[in-house]
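Inspection log for the structure reproduced underneath, given as structure tokens.
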Amino acid sequence: MIIVMKENATDEQKERVKKRLTELGFDIHQSTGVLKTIFGAVGQVTGWLVEEMQALEGIDQAFRVSDPFKLAGRSFHPDPTVIRVGKAEVGGNRVVVMAGPCSVEDREGMRRIARSAAAGGATVLRGGAFKPRSSPYAFQGLGKEGLEILAAVAAESGLATVSEVMDTRDVDLVCRYVDVLQIGARNMQNTPLLKEVGRTAKPVLLKRGLSATIEEWIMAAEYVMSEGNYQVMMCERGIRTYETSTRNTLDISAIPIVHEKTHLPVVADPSHAVGRRDKVIVMARAAVAAGADALLVEIHHNPEVAVSDGPQTLFLEQFAQMMAEIRPVARAIGRDA
Amino acid sequence: MIIVMKENATDEQKERVKKRLTELGFDIHQSTGVLKTIFGAVGQVTGWLVEEMQALEGIDQAFRVSDPFKLAGRSFHPDPTVIRVGKAEVGGNRVVVMAGPCSVEDREGMRRIARSAAAGGATVLRGGAFKPRSSPYAFQGLGKEGLEILAAVAAESGLATVSEVMDTRDVDLVCRYVDVLQIGARNMQNTPLLKEVGRTAKPVLLKRGLSATIEEWIMAAEYVMSEGNYQVMMCERGIRTYETSTRNTLDISAIPIVHEKTHLPVVADPSHAVGRRDKVIVMARAAVAAGADALLVEIHHNPEVAVSDGPQTLFLEQFAQMMAEIRPVARAIGRDA
Amino acid sequence: MIIVMKENATDEQKERVKKRLTELGFDIHQSTGVLKTIFGAVGQVTGWLVEEMQALEGIDQAFRVSDPFKLAGRSFHPDPTVIRVGKAEVGGNRVVVMAGPCSVEDREGMRRIARSAAAGGATVLRGGAFKPRSSPYAFQGLGKEGLEILAAVAAESGLATVSEVMDTRDVDLVCRYVDVLQIGARNMQNTPLLKEVGRTAKPVLLKRGLSATIEEWIMAAEYVMSEGNYQVMMCERGIRTYETSTRNTLDISAIPIVHEKTHLPVVADPSHAVGRRDKVIVMARAAVAAGADALLVEIHHNPEVAVSDGPQTLFLEQFAQMMAEIRPVARAIGRDA
Amino acid sequence: MIIVMKENATDEQKERVKKRLTELGFDIHQSTGVLKTIFGAVGQVTGWLVEEMQALEGIDQAFRVSDPFKLAGRSFHPDPTVIRVGKAEVGGNRVVVMAGPCSVEDREGMRRIARSAAAGGATVLRGGAFKPRSSPYAFQGLGKEGLEILAAVAAESGLATVSEVMDTRDVDLVCRYVDVLQIGARNMQNTPLLKEVGRTAKPVLLKRGLSATIEEWIMAAEYVMSEGNYQVMMCERGIRTYETSTRNTLDISAIPIVHEKTHLPVVADPSHAVGRRDKVIVMARAAVAAGADALLVEIHHNPEVAVSDGPQTLFLEQFAQMMAEIRPVARAIGRDA
């Protein structure tokens, strides 16, 4: 940690900073410039400690020189983590495709979707049973019944499953039905929920919060991992910006940055990012070209009447088209899909 | 709802839109321009329905003409809602002040803070027992013990209390100790939690999400209200922008806009917005001038060593100064403080 | 244009709206709902007119149903525009590569860069002679001398040239030396400059403003085109967001959206977007996968001591690597590079 | 400047950093931690130099410890700068009010506006003659004729004047007619224009760019000042955020921050910030409470038919109301208005 004192900091203030650093177990290097005094503090510095140091009067700036996460970082685990989901390996050479409707609606429709997903080359079936809708008057998901349909239908087509859990009280229930627990963007900093899924043995698909920095997102993964569950997939799904021609802005640069900073696989969700089906395929191509380990896309046999997220949901033929377009891109960068 | 068809929309697509609107119970007005066909749909339109309509092929844009909320809106309740908290009335003529540390740390410190809060004119004591920290390695709050200290100390000084609840499983517990349930910014769209506090009889202080639009924030209030609890205070605490010289950007214009769109009282939190104690007082003045019904500020007897949020926490003397500065501003706009 | 009146709009206000629309030459459709009256106005509506209508009291919202641009739009020119730059065709099947240093520094270095650019497959040499630096104390460019070096060195290697013009007074000068006039992000809404380059016969590379919406960006192109110069290339170079791990956020979804809304070719600049050389190649791949017609990248024989933008500038070997990586991606989507 | 080397930086890279710092005239302090080596460089560091250092391989982060501006900073000029404009003093105890239409339209209307402005207590008349419109098809201003009307009408009412200049070629012309040169938000980083107004003897009102950081905004002031003109007023006019219920978000915290970092007076423009007339007065009150030295507001005798910015323009009676509301707020913080 580096601490820069204000130009007009008093000697007493400087002493207090040194005293506090010493109390916290740091070695201190002092560097006295013409205008400003700088302290370098060597030791175990966690992110919050830097913030706390800034509470001292007389400090101009305090910088961290290390990342605030540990378990998610490359120092802890230099090789990329590969997470097995059914027969797929997320983080391996093959780009994994997870597809399905926003919400599970009914068994027959789900069955059609699952068959097309499997036929197209998806290995994981998505489908929401607990839905975080903006309006309390919108469809909130089928709950347990939705999970049952999802599990049954996926099994028929040989697919693994992913579904969102929103409430700490539902974690056990969802674990009984699905292969991957999804934490939605709105719950990325729901720390009790992160801890709870961290205590399960299920892989976690962690969506980036609507306006989470990459660091905050990795810290959310750290919450899960700090409870013992190291199987976290990081899912970029678009961030909130001022631009309104897409629902969100897919931050494709987050893919290589998370790959650099962590050992965790990265999933891209072009559907939620753009919010309109006519731009999903092109963004899927871009995400694969940028190194995404998996794609999460919304597909439906009749998206025009889907109960949620219809505008961004691909028709089943469009899904087949997407698969046909991403395969050569994957191969162009030395991967399969 | 207004639906604008694409220039190249087919007749079949137009028919499908009309059919779907009719199924949903709308009356339809069609307006055929040179380039584009426009449908006006009259009926009960909720926000999500507009989104769903956009799923139909051939639609260029779909606009809502009514707000997506009901219970929070002025049509439902034209007069401003006044919420009683202890002896204070949030939404009344007097600007209510809620003050206290970020986290409850220990009984003796809390006692000193509470006395200064009461002496300065605050009527509600804040203090976190469950803390949503960015890092799993940072202090997570004292939990139940923190609630006990908060309640006991507040009672000694004749103050009401507000504290955050983060987990649906803790709502009952927190209700036993505090007067106001706080929903933090990170949980603004934690819909199970919103529903759960909506089933209690306690006033709710609902913080705006880090990058929530005003409409999403009001929809979160609607979630609480849809369960029967109409006592919601809207707390503006700064939004995330590209600017880094403050921790967040206090969106003061949100105060008059929420006042216009809803009947709910508005609280301003300058501490979290600016993130540095030397700018809290000036922003408190601005918030009062803009019509905030209450202020929520962090104060501590020794903020330099506070376990959380120290940099933005006022010294007790600064709190007295803040009260001295906001009173004439409140009077200047015809209120008390 | 659609105009939604407020619930409490008076009859007099409604009449004034109708009168004003009639004065402006519109046909009016009125649709009276239970709560709100809606007017559809059919005629030639430009963007600013919608804004002006909102000035009338009693109006709740006014929406445009057509795009505010004409010359840049697909209705005006359905086929994609192909712009010839030297021997390259921007907007054709081959992905064009424009490479060079941020600033022109000296003839010998420039010569080395140009040779590597040409050898790698670039067809356009970039190099700034007038630099819009954040600080008045930073290097401001070599001016006319820089243009001379750029032109001479490019000719030796058979490359075309692109360089920024910042001042209306310099347009003639820059035209004498370069093949493409660049309008920088900071000048995207410098309307006198847009008009001035619109009066030349040179292709214009128009960078998206730091936080310009796609619509504002297209309107800037419209400024150039409204003066008679239709050869505009749209350059996405990253937008400003709250995320700080990259200098800007490359909005890759802007590529297909500009392609849909306009007939103009789209250039991607991964260098300015990410601001760090280790992420340029991967983002170049993603941009090509998303359909970019050209890439603009910064390269230098010794980027560690480049006078500007060194951190994001590729070493010459990295440029060769980039070319090797984008070619298979271009072929994967049916293009050359 | 502080330079943090990457964990895996080689000795050769470290030596190159030291060599480069020495070449640039710095004294170096080295601090070798367990994982990372840190260099403190003492000397004259300008902002761009920090960026350039980051170009060296092996560097993880480089931090500035001093502000990148000089002339605008408090070290250079500890006391607040007071700028005389006609009979007003911007930066003095009295809050100065600048009012007028967005665009100068015609002499008679302008006369009515000027009289009301003066009667209400404004001392400066605003009015645009050169307008930076989003659309080339919108009204672009009356040019020289507009300046003549503005100057003549202001003189009749004893007001000073402010008007925007957009083109370096127009600076002389505008100087002949107005008392204050306005640089618009879209031209905040038009560096040739900044330098050109820096060579005049007229005070400059420098609007913050649409998404400029406070530091970039101050650097723009530094451009003006570096040419010898120290009379710069900083005008906060709202920043671009994701929120759409206001046109921009008025960053009121920028007022105290600019006051802390610079000696320059700060003007607030609530009209452009909120974009709707019904929220201008309340935001004017908040800006005054936060310490704004002046307000810039749009007023018109018939804003419903104003040729530009009508929606945010106050009726003349509303302007009188605004003056009545801000005066007690100014007095509440010890100022006049």
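By written order: A, B, C and D. Residues from 1 in each chain.
To be clear about the criterion, a residue touches a chain if its C-beta (ideal position, glycine included) is under 8 Å from a C-beta of that chain, and two chains touch if they have at least 3 such contacts.
Owing to the predicted nature of the structure, the values given are computational and were not obtained by experimental measurement.
Interface comparison, B-C versus A-C: the higher count of C-beta contacts falls to A-C. Set against the C-alpha centre of subunit C, every other chain centre is closer than that of B. Taking each chain's centre as the average of its CA atoms, subunit B and subunit C sit 39 Å apart.
Taking the mean of the C-alpha atoms as each chain's centre, subunit A and subunit B sit 26 Å apart.
Subunit A and subunit C, compared by their mean Cα positions, are separated by 31 Å.
Chain contacts: subunit C has residues 211, 240-242, 244 touching two or more partner chains.
The part of subunit A that touches subunit D in the complex is made up of residues 2, 4, 7, 29, 31, 33-36, 38, 40, 42, 60-61, 63, 65-66, 75, 211, 240-242, 244. For subunit A in complex with subunit C, the touching residues are 211, 213-215, 239, 241-246, 249-257, 260, 273-274, 278-279, 282-283, 285-291, 325, 328-329, 331-333. Looking at the complex, you find that subunit D touches subunit C at residues 16, 20, 46-48, 51-52, 54-57, 68-69, 132-140, 166-170, 186-187, 189-193, 195, 209-211, 216, 219, 222-223, 226, 240, 303-308, 310-311, 313.
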